[in-house]
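Should a chain be cited, it is by its letter among A, B, C, D, E and F, assigned in written order, with residues numbered from 1 in that chain.
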């Protein structure tokens, strides 16, 4: 690997460690490192998107996990459930999120099964 | 339709109107009415699951919409975005939720594409 | 279009009409006709797979619709619900199928959400 | 865990064992036990939905597995294939179900790829 | 809308028009404009990712459409099929891509249905 | 197993080995062998669909993997990434394909989240 590239990766990895308060780079970021442009894009976007805004970081992590459950992405479910807890999510909050995910997935299919038409007030 | 059944449906429909503060039953619930057992189950579960708990009702609605976006369920996206707003979600909160949904769907696929192994700390 | 190709398409279209007891080719098959190899493959496979075997044709159509609901494919839900009814499925059977589809989609996500490990007896 | 809760869980677990004719609670139900309301809801709904109706229990299990295959839920595929067999599904029935699932998933995508419009007769 | 924001949006819109050789901003980009940070991120990433690299732009568009078909995203299928053609994709190429998408979706489900274990040589 | 069936399976297996230039039948094809009709259909279709046409075999394999990533099918991702490389795909091509898959999955959800209407020019 070229020297310049190594410096670039190192800088991002340091930023990940500092921002996440961890000592070891998770496998996700190591995998992306084979594609430095993608690593840089993905990390910068994630930092920007998951930070406190109108929604607090815990809510954002719970939404992230809800999507990952719907997509059956085991790595994402485990790593972002851990992140949610680190940021303050309680076990009860996680359970309630899973309840909502189950309900929404069920009702999404009822809508398809009965081919429900959109009500005028929702258009 | 038998008298007893009509009474049962009417009772659920009144409960939906009262609970949701609406005058007209949305098409979703009308469709389920062809299957009264399912209607009753689904309404009771939804009332129970979406009420205030460790998570507030707005957060629950946002999670519901996030799942519906991931599943491309147009009816569900529209009706529950409306519900989220009615319960207090701002446009900014909805935008940030969509940002997270996009990011999570992208990263879920990076994990699959690179076949990232689960880190020990997440097991 | 070349003469030979036209004859080939015509033969498949006649087979579809006869087999399905219809007078008009549905849009699905018309769309595939732009790709005659695919049309031929798909029609032959469908005829073979959906015919009576250990499972009766109604059960097969219900399974087909269950998959299409899970994938939110409106065309497929509508055309194969119609096919199921034509082959003898009652409204009650269709409702119960939709109930199972909703339940399975919900429980699939509970399994993911709680990261349930496979029991030894299922391995 | 409080005494009352333990009694409630025990009652549901006994019902699961009796109803399923098993001696050991599968991991799925143990996972849900962390959320007793969800456990109770899910078990009661499952018992009600999967029982004999216009569709027999074997057909319902096959539909359940078809959905689980479409969602790539390994636990659900394994546990409900086992359940289907216990209720009388033969290997041949399971193979034919998988054939239909493959075909439907393929054709669902052809419909999307060619953007097939819904025929008037299906509206 | 504040003056500064308007200038920023205008600049991105001009870049989209120039890069895509179009006179009218498509609805996708207009929708994202309600969330200028997301608009900027998404446009910059798309420009970077879809440009010529080891893969040519036509191949990249075909891959984009293949994903969109798998997700049943009508807007994305239509707009990126148009983009693929503009960049040089022939009807025959698009048909063959759809064939592959159908086959892969079918075989993905066979793998799940038969719970195929990963061969050693693929680990 | 009957003699005739064994001969039929053997013939297909020989064809797979020869066509793929391998000495050992992968688990996927072994699993399908329990359903010889399906094995024959699937192998013949795959041979036909994945061969050189308007699209070259490498592009077809990349599209196949892109679909498999979107569906989170680990076996398919691993086996067809290997196939793509065997046919000439470079690591850089695979990385760029994964970039496109991530982007498309993200944008598919933005379209759903903002309920973007199809532009006239795409109809």
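Definition applied: a residue touches a chain if its C-beta (ideal position, glycine included) is under 8 Å from a C-beta of that chain, and two chains touch if they have at least 3 such contacts.
Worth saying up front: this structure is predicted, and the values here are computed from it rather than measured.
Shared contact partners of chain A and chain F are B, C, D, E. Between the contact lists of chain A and chain E, the overlap consists of B, C, D, F.
Interface equivalence for D-F, evaluated over A-F, A-C or A-E, points to A-F, where over half of the contact pairs coincide by residue number.
When the C-beta contacts at C-E and at D-E are tallied, the pair with the greater total is D-E. In this assembly, the C-alpha centroid of chain A lies 28 Å from the C-alpha centroid of chain D.
Look at where the CA atoms of chain A average out and do the same for chain B: the two points lie 20 Å apart.
Residues of chain B found to touch two or more other chains are 34, 38, 45, 70-74, 78, 95, 97-99, 101-103, 105-108, 110, 112, 114.
Put simply, chain C touches chain D in their complex at residues 24, 26-28, 31-32, 34, 38, 42, 45-46, 49-50, 53-55, 59-60, 62-64, 66-68, 70-71, 73-76, 78-80, 82, 90, 92-93, 95-97, 99-101, 103-108, 110-112, 114, 116-119, 121-123.
Taken together, the chain E residues at the contact with chain C in this complex read 72, 91, 95, 98-99, 102. Of all residues in chain C, only 65, 69-70, 72, 74, 77-78, 97-98, 101-103, 105-110, 112-115 touch chain A in the complex they form. Contacts from chain C toward chain F in the complex involve residues 37, 41, 45, 48.
Chain contact summary for the complex, chain A toward chain F: residues 34-35, 38, 71-73.
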